[in-house]
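Common to both upcoming complexes is chain A, partnered first by chain B, then by chain C.
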Partner chain A sequence: MARFFLTFVVILVGLLAAELTPPVQDAVVVPWTNALVRISAGLLTLADSHVAAFGKILQSTANGFAISIEAGCNGVEAAIILAAAMLAFPASWKQRAAGIAAGLVAIQALNVVRVISLFYLGQWNLRAFEWAHLYLWQALIMLDVLVVWLLWMRTLAPDPRMRTVDAEAAR
Partner chain B sequence: MTRTDPALPSIPLSRWHRGRPFLLTGFVACLVAAFPAAAQTYLGTVQPFAVLGASAVTCVVSSAVTGDLGISPNNASSITGYPVPPCTVAGTIHAADGVALTAQNDLATAYNTLASQACTADLTGQDLGTVGVLTPGVYCFTSSAPLTGALTLDAQGNPNAAFIFKIGSTLTTATGSSVSVINGGSACGVSWQVGSSATLGTTTNLLGNIVALTSITGNTGAIVTGRALARNAAITLSGNVNNACIAYTGSGLPGGAVIPPGTAAQTPTLSEWAMVMLAALLLFAGFAVMRRRKR
Partner chain C sequence: MPKRPGDGAVTAGTATVGRLVLRTFLWLPLCFAGWYFAAPVLGRFVGDVAAMLVDLIRSNLVSAIEWQDLHLEFVTNLRVHPEPDRVGVLVVEVNPLLYTYGLPLFVALMLAARAKAWMILAGAALLLPFQAWGVAFDLLVQLGVRSGAAVSAQAGLAGWRSELIGLGYQLGSLVFPALIPVALWVAFNRAGAAFHAPWPAHKSGLSGVVRRGEAR
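Our next item is the complex of A and B:
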């Protein structure tokens, strides 16, 4: 358990530090943030023609309301925490890769839903927007990550080293 | 040798009941997290630029540019005059670099955003110098827009009031023309979406962001308080351009302060405390699973 904890902390700190470096920002974070805006705008425009996306901003051309998707708004940190946990946990590399991929999809899909819901909530009622933004969606994103984490661990078989210990204890 | 054995049974999720207090604690704690805020205009990464051209940026006689000066796709060899006095740049010059490229891409988006705004009034065929005082809105010209004399824009007390001029072809100002914003507004809320080229007459004093599809020419002493931005061709200046709008908090689009600081400006997925709590939750859950595996 101590090894899991230490490995998790080291990987998490390493990934978060790497995320802050200009090369990673330029190559991953900024392009992904812009892609998130485009994906959200693309989905929005399927049903609403009064949506414009420019840079990091989504705006309603009907009433002028806009949201800006900034660094930290793109689900990357949540994905990093989940990835660090999966990399630190005893599992095969194949299982880790599958778990991280599934986690990325789950987090980013929910984040798109979050952005779209906040976009409309803000146009309807700013107090509701604030509440959902500050409280509800943070909890839902955490729940999303936790559920992926639990389901992923559930798919894993127990560590064979533990089975060896159990077998020796039974003798 | 792998560290897991697929033949061994997995752990039922229902056995997680002993970890529930940790989870509840985490969710209650994450409900009190907060976040900072910032503002954005429709210009995106163009915001720091006072001058941004595509094929050339030229200082003819003298010109002081306050803010960044950029060119893309052409490179530094297409910048003439700057930054040698009396052609000065109080900012960074970006020539065919990633910053200028991104800004040009955002400029195209900004141009289209302005073009997509619904018209408040159609002023086609009128001279902006004779239309009287205009209130915030989107004013359209299907062809050219002339300005002879003074144009006054009334912000009606809204510091983020937006005035957009959608011009089908050219914007041309006569010698000594001027634009002013009264009643609490800002030059930063004024935008000129020009379908071809803008030509500013001698000693014109223009406020706002000129977002031109083709080129911008400022004759001797023509001053722009805002930005001169050309998507496809050249910017030729004989006067000053002062980007005094870097700290502007409005969006520059109808609706006034559509991105009010402290409210809708940022939508963070997780605050710092929520991240700490999430990491702790995953750790606790991992510990619990490992403990059960030992039994």
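Our next item is the complex of A and C:
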């Protein structure tokens, strides 16, 4: 377990440092943040015509309320944490790639729900918005990361040592 | 179709994760409420530890800590001149809740996994330095990065130090608050043992085998 944690920390710090560099910001983080706003706006407009998206800003044209998707709200850090946990865990590259791909979808799907819920929560009550934004959703996104990681571990082939003892136990 | 070893465990493990999530959701509102009502005590404690951390990085920067509406106010020794003939000390406000919200998540996860009380208390104690890190670097980033060149120079936090402070702040605000509680939960519960996963650790692997046998 100590080896897993050490590998995890090394990969995590490397990916987070890379995330902060201008090339990665320009090529990945900013385009993704803008895409997240467009996806959220696209979904919102199915039921609400008073929604507009500008860059990383999502605004209600009915009352002027707007939210800006900033670092920490775009799901990138959560995705990095999940990817580091999967890369650090002993598995084949194919299993890791599949896990990271599925995990990214799961995290970003929940993140879209977060953005949409905060957009309406803020129009209803700013104090509730602040609570949900700063504390509650942060915890829920991390819980999502944990659940995806645990489920991914379930899909991995059992350790050969375990299978041997397992067979003995069945006798 | 012959059943492969471990097939039953996959279903059992998925259900176990589902139960964990359900129980965590049931505990979360109570834990968040408890955390919010305990915030004045917890916040002050975290503030004291953060001041000690800041003192290690830059001594004699903070002269006092005050508590105001769930916010910590760090009274610094830095002099500012809001008007040409007036002098004041710089007071920096930090919201400690931003760095401690992982505590209710951790407690909810531990209660959901039916962990022992000492583990929950030990985990809460282990969270403290990371929470203090967040508060300390929030204070340092306000002094070394956001308050302008004059303040950062007076605080001795200019140049390369401000770059390190920026990195420390990113870790303390974006990564530690949510990640450390979950990492501690994994460490305490040995996720592999608790959820039948193929965890590489020897002891947890054995535990997984026993559970697998029971599931069959």
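Miscellaneous remarks
The rule we apply is simple: the second predicted complex is superposed on the first by the 157 of 171 C-alpha atoms of A that agree within 3 Å, B and C clash if a C-alpha of one lies under 4 Å from a C-alpha of the other, contacts with A are read in each partner's own complex, and residues count from 1 in each chain.
We take it that contacts are C-beta pairs under 8 Å (C-beta built on N, C-alpha and C of every residue); 3 or more make two chains touch, one makes a residue touch a chain.
Keep in mind it's a predicted model, so treat the numbers as computed, not measured.
Once the two complexes are laid over each other on the shared chain, residue contacts for A:Leu156 go to chain B and to chain C alike. Of the two partner chains placed around the shared chain by superposition, neither chain B nor chain C is touched by A:Ala102.
In the superposition on chain A, A:Gln59 contacts chain B only, with no contact to chain C.
Of the two partner chains placed by superposition, A:Val113 touches none, neither chain B nor chain C. In the superposed three-chain model, the partner touching more residues of chain A is B, compared with the other of chain B and chain C. Once the two complexes are laid over each other on the shared chain, residue contacts for A:Phe5 go to chain B and to chain C alike. Legend: residue contacts after superposition of the two complexes on their common chain; A:Leu143 is shown touching both chain B and chain C. In the superposed model, A:Leu20 makes contact with chain C only, not with chain B.
On chain A, the patch touched by chain B and the patch touched by chain C overlap at residues 1, 4-5, 12, 72, 77-78, 81, 89-90, 134-135, 138-139, 141-143, 145-146, 150-151, 153-159, 161-163, 165-166.
Note for the complex: chain A touches chain B at residues 1, 4-5, 8, 12, 26, 52-57, 59, 61, 63-70, 72-78, 81-82, 84-85, 88-92, 95, 111, 114-115, 118, 122, 126, 129-130, 133-135, 137-139, 141-143, 145-146, 149-151, 153-163, 165-166.
Partner chain A is touched in their complex by these residues of chain B: 2-13, 16, 23, 26-27, 30-31, 33-35, 38-40, 42-45, 98, 106, 109-110, 112-113, 116-118, 251, 253-256, 258-259, 263-271, 274-275, 277-279, 281-283, 285-287, 289-291, 293-294. Across the complex, chain A is touched by residues 5-6, 9-10, 13-14, 17, 20-21, 24, 28, 32, 97-98, 101-102, 104-105, 109, 167, 170-171, 173-175, 177-179, 181-183, 185-187, 190-192, 195-202, 204-206, 208-210, 212-213, 216 of chain C. On the chain A side of its complex with chain C, the touching residues are 1, 3-5, 12, 16-17, 20, 71-72, 77-78, 81, 89-90, 134-136, 138-139, 141-143, 145-147, 150-151, 153-159, 161-163, 165-167, 169-170.
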